[in-house]
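Lettered A, B, C and D in written order, each chain numbered from 1.
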Amino acid sequence: MSTDPDAQTTRKIVIEAHDVVKRFGGAVAVDQVSIAVGAGEIHAVVGENGAGKSTLMRILAGILTPDSGGVSVNGKLLEPGAKASLEAGIALVHQELSLIPEMTVAENILLGVTPTKFGVIDSARQRKIAGDALDQIGVSVDLNERVSRLSMALRQFVEIARAVARNPRVLILDEPTATLTPAETDYLLSMLQRLAARGLAIIYISHRIPEVFRICERATILRDGQIVEVMTIAETTPNAVIDKMVGRELKLDLQTRRVADPGAVVLSARGIRAARVNGIDLDVRAGEIVGIGGLVGAGRSELVRAIIGVDPRTAGTATITVDGETKNINGYGNAVRSGIAFIPEERRTEGLALDMTVAENITLPNRAALSTGGFLQRGKIAEFATRLANTVGLRPPEVDRAAGEYSGGNQQKVVIAKWLGREPKLIVLDEPTRGVDVGAKSEIHRLLRELADQGTAVLVVSSDLPELLELSDVIHVVRDGRIMGTLSPDEANERSVMALAAGERVASSS
Amino acid sequence: MTHTEIIKTPTPASIAGGSGNSASKTVAWVASRGIFIFTAVLLVFSAIFVNGFASSVNIIDVFHRASAIGIVAIGMTFVVISANYIDLSVVAQIATSGVILMALSPTYGVLGAMAIALFFALLYGLVNGISVGFLKANAVVVTLGTTGIGAGILSLVTGGTIYYGPTGGPIDAFGDARVGPFPLSAFVLIIVAIVASIVLSRTKFGFMIRSYGSNKQATRLAGVNSGGVVVGAFVLTALAAMIAGFVLAAYSNTAVSTMSEGYDFRALAAVIIGGNSLFGGRGSIFRTFIGVIFISVLSNILVLSGFSFAWQQLVTGAVIVFAVALDALARKAEKR
Amino acid sequence: MSTIKLQETQTGTWNRVKSTVARRTEGRAVVLLILVIVVIAMQQPIVFNAYGVSLARVALVGLVALGLTLVVLQGELDLSVGSTLALTGVVVATIPDLGLGIIVGLITGLVIGALNAFLIVIVGVNSFIATLGTLFALRGLAFVLSDGRPVRVTDIDSALTFGRELLGPLTPRVLIFILLFIALQFFTSRMRAGREFYAVGGNRQAAIDAGIPVKLRLFTAFMLCGFVAALAGVINTLELTAADPTAGSSVLLASFAAVIIGGNLLNGGRGSLVGTMIGAFALGLMQVGLTFAGTPREVQDVLIGIILLVAITTEPNNLRALSGRVQRLTRGKANASA
Amino acid sequence: SASNGSDAGGDAGTDGGYNVYALLPQGNDQPYGTNYLKAMNAAAADMGVNLTITNAEYDSAKQANECSVAIASKPDGIILWPAAVDTIRPCLEAAKAAGIPVNASNSDVLPEDKSLVGTYTGPSNDGVGRAAAKLIGDVLGDGGGNIIIVQGLSGNSTAIDREAGFRDELAASYPNVTVIGQQPGDWAKDVALTVTSEMLTSLGEENIDAIYAVDDTMAAGAIEAMENRGIDPTTIPVVGTGNTELGQPNVLSGKQYATLFQSPVWDGENAVTYIVDAIDGKTLEPNYFMPIPEITKDNAAEYPAEW
């Protein structure tokens, strides 16, 4: 496909991808994408969750081999494989951290390129190079510390130092700021500009459009694995970029959002403390959607998991009230029995048994209803599963197919479907649409609204700000395991949430 | 026999369908059912070429070889499918129940002795299960430990005494009993297989074991008491080991603390040759049953053909390697 | 140029010590070893006087465990070490020329390791299953080659001299054991290839992404493991002047125990040869002590079983899981009563 | 000379008593070993000997280490029941160097190692095999015939020695008797039962004229195998070894043609008796062989089973 209308660069092209295609099963993650980045350019790649950004980057870094198309550096086509790409000077900072927990900072920074004398690690040089890399990005950390003992932010910087240490021609960063505070982010961005000034080609992925506009020269916009357009930042506006990303006029029209009439309190948590949760009080009412905002690492997942007993609490109590009867939530099993449903953050590892069928996955939480005298009712199961699959709009609705065969969005629908069977009183979702494509995403949103309208209490953790703003009747913003502020729909906007999440109002105490 | 399972490990690729990978899918289909084909081939081959294999007396011997080990393997399948690799302590468990049966029936009667054996079986199941399920300890190490403790105590208490029942006594009678051409123990094996198969494939509990083996976290987050599931798996294994102990003791009307040496890995071998996945989730009792038949027939014809112990070991090992290699290749073929 | 501070850097020696300790994985092994040493010092001091003998026992328990550790560090397992030991022993004994026999024996070990690695890395069989198969097959081969009988080495006298004390009361076995430990410890802590074992075991995808030759590392580990098992077989054969095809039946579980007690994580990425060494010392010294005391073998089995059970069920994270449950339960009660 | 504190069985009657290590490959884990130990401990108690007993579970490397442990604790004497006779030369030499008398028990050392032991007490396993061969050869008569062997655990030295003696004797004196089949019964009745039955199947009942089961437990298995197939055991003579509690009834009832009485009591007692003599520096014969009476229906009653 041609990208004719797209903005070209006058710079000397360093890295180039030619019509790369990558499929995962049926789903096409990257479709006929071509991209060229010049020396000294910071090039943004933006798109919604699941647009194919990370996949494209993994292809550029030689970690994934494209089904067709290729990657070339300085006009030379690369062999497939990570090694060739590394040698060609491509360094990737992964979205999900890829450090070795039990190795030291120095070892991690030079992983794969450890300097040696006759096979013996040259620790002096190792420490020197690692130290220099950290200096270049201006971060100070004990080189002998085991990475497993570092904070998320610090791990992120170690990852970046690791990329820099290979003094690459091309530096790729996949959502590096997701785990950072504004101060840290600010620092990172200026750092990238310094690196670019030295002639590095930088590819920068972020969901935070302002960052893109601050440092990037051009932006490649992906949607559903395809290039929508390549824009020159100087000649466009954030709204234009967002619209292209989403493929429709995205207006958060607060007037037309559903009017919630919250009923009685269903979930009530008081003084919740746990690992990385430092004393939280929180209520969720029937028919109300409560949103939890904050940065990755703020402890939101830990918060909700502690409330409903997935992870142990160190202090605090949580109660659930169903038709006037109030029960303590001690332990997760008890929570589920009293009408709580939980859609976890990690779909593939916590949400589904991927190699079991959709029907079996749906049966799991409903096993009691679907069995008599300890025996499963097969006929009943098929009928039951199909009904729920249709309710959530699973496509295709073949419940005898293994869950792992479905796309991310459909997998998430299955996770939700299996809980709907229990008609939960409270449904807790952690990152409900992470990696879910646009269509599925809006369907899931519709589903959640309907549930709320039917009087279900909903508690949503999301890093996806538009989603949070769109769904929530009230938003609690979490930082360092504390609620920094609570925003009503009319107070809530990207700015106000971010401000709280970054702790700007309470800068002194952070 | 009921027999539900997910034959292939589904991967995103397997719905890519379309061109090219249909061939590799056929490979996968054949390979994943390899054991059934091999067993059939082996049976036909033996019937034709191995002198005396098809005789009714020999069928009995095949079943004698199959029954005790088969019952253990069927029990072990629950531990394997719950993704816990192996229960090494079955060796100690079999001997314990066998010795208790033979040593205590004179005083407490057969049923009394069985009741006492049941107590110890449950003890084994609970200790193993709780350590693995609730203390999250590695199953191999835990059962290695309980083996040392259990076998040590058994040996301390009984010494090497061979306990034997009166000839013609109830236990001996059971051991010698035939139904048609088959020894009673064969029916015990088949009944255990059917019951186990129903439990694993039809009941809520079996479903939870499979689901747990397939994905521990997701199962727990669906509100399943995952620790309890693991305990259940180990208890079932222990019960099977107990029954195997009875059968083994009855077969020779004797029991001694060393009667079940090697049953741990031999049982696991049967489970694996059957094509059950060690990663859990995937598999069935029927597969284990076939694996047991395969191994038993194999050793039977090796003896019939006069192979020395050495060659029997060598061939058995080679067959295991071949079977598991094929299984792995099948999974690869699917991924492609 | 400005730099930002993201962590409270560890200051003061005490904090350094604390964090250093926190990094180690050998904690429980050390505790056990101290316990054993104290008890022995009170009950069977002779264990220390006859340290040559005691070390020989430690070497007997620990040698194969060293090789096994390399595999475990990568999150794999090798069940075939016992059979490898037996087979190589027979090979050594059946070849008339002792020198040649030893070389062929050691090569056999490497080949077996390569075979295991091939099944696991290339064919893609789970290591537990693959080595279960070779466990049977190699034992069978040992029986075939030896016709099921012990095979006596031709050159008994040279073999005998090998078994004798070489340095003070230390036999070659002990010296080889110590040297091998030093070599492998150096390999896994100072050499790039060895150090990368931790990456392969700790986060295999990340290791691949970083361009580490993961397959090569796996091959290396399994071949080293096979080599060490073979070495043990050679040493046994020389010390005993004969090879027994039934040898090594207890080796697998004993080595496994040493590795586990040594605090090596079976999922890989965490642990060390030092830990295995400590584990081997704890087990070996305990066994010698119990032997001196004439404790029945059964009692020894029970003791070791209990230690294993305790060692594995007291892994810090397991305990945390447990305490979490207990807390919730107790809280449950409290609330109920409230 | 007492170097270790253990006072097990220590009897104030004798001056502190001798400290003796008994390095055994089996013990309470085997029927024979269990009764061997009983007798040994009893004898030791009488003679005021402090016994330290080890069980190497037929792992010769383990036994070698236990040997050096023993030598290190400088006992007055060592009783060695080899796990594998081929592997004990180093142990014997070390003991000799340390000036500790060693007697072999139950399984004799190889001829070339004979000079290194004070004496050997126990059955002649080779002799046991030969005796069995005589019994079978004689019962089959000049016509000879075809026989099968049910062996002990593969690689076990007692089993190997008995088979060797058996085959040698056949070759020497009964050329018409041919061994047409052999399988390990692992010392276990159930295994023996299965393999015998399978050999009967493959070789044909009619072609088998006698069975040598290396011990009575397995003989019992062989007999049951025949009974299960409706063969009258008296028609195919079975010879075993041990005169065990399991075997004797079969001999009495005639189901088992004969056995050879091997007494763990004699074995255990004499091991102690002669190590004391050795320590006391008495001159000893090279061997004190356990009498191995041939037991048949007729005389079985005179020999109560011991294990």
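One rule holds in what follows: a residue touches a chain if its C-beta (ideal position, glycine included) is under 8 Å from a C-beta of that chain, and two chains touch if they have at least 3 such contacts.
Keep in mind it's a predicted model, so treat the numbers as computed, not measured.
Novice: Hopping along touching chains only, can you work out the least number of steps from subunit A to subunit D?
Specialist: 2
Novice: As a quick test, compute the distance in whole Å between the mean CA positions of subunit A and subunit C.
Specialist: Distance between chain centres: 41 Å.
Novice: Centre to centre, by mean C-alpha position, how many angstrom separate subunit B and subunit C?
Specialist: Computed from C-alpha means, the inter-chain centre distance equals 29 Å.
Novice: Nearest whole angstrom, what separates the Cα centre of subunit A from the Cα centre of subunit B?
Specialist: 44
Novice: Distance between subunit C and subunit D based on Cα centroids, please, to the nearest Å.
Specialist: Result: the chain centres lie 36 Å from each other.
Novice: Specify, in ascending order, the residues of subunit B that touch 2 or more different other chains.
Specialist: Where subunit B meets two or more other chains at a single residue, that happens at 155-156, 308-310.
Novice: Of all the residues in subunit C, which ones touch at least 2 other chains?
Specialist: 143, 148, 296, 298, 325
Novice: Listing for subunit A: what residues touch at least two other chains?
Specialist: none
Novice: Let me make sure I understand the interfaces: which chain pairs count as touching?
Specialist: A-B, A-C, B-C, B-D, C-D
Novice: Spell out the residues on subunit B that touch subunit C in their complex, using ranges where they run on.
Specialist: Touching subunit C: residues 85, 131, 134-138, 140-142, 144-153, 155-156, 265, 268-269, 272, 278-279, 308-318, 320-321, 324-325, 327-329, 331-332 of subunit B.
Novice: Using the touch definition up top, name the residues of subunit A that touch subunit C in the complex.
Specialist: 61, 63, 82-83, 86, 92, 94, 98-103, 107, 111-114, 116, 119-121, 123, 135, 138-142, 145-146, 149-151, 153-154, 157, 183-184, 187, 309, 311-314, 317, 328, 330-331, 334
Novice: So in the complex, which bits of subunit C are touching subunit D?
Specialist: My answer: residues 44, 46, 49-50, 52-53, 56-57, 60, 143, 146, 148-152, 156, 160, 163, 236, 239-242, 244-247, 249-250, 288, 291-294, 296-298.
Novice: Would you tell me which residues of subunit C are touching subunit A in their complex?
Specialist: It comes out as residues 1-7, 9-10, 19, 22-23, 190-193, 195-196, 198-199, 202-203, 205-212, 269-270, 323-325, 327-329, 331-332, 335-336.
Novice: Under the stated contact criterion, what part of subunit D meets subunit C in this complex?
Specialist: That would be residues 3-4, 6, 8, 27-29, 51-55, 57-62, 64-66, 68-69, 71-73, 83-90, 93, 154-157, 160 of subunit D.
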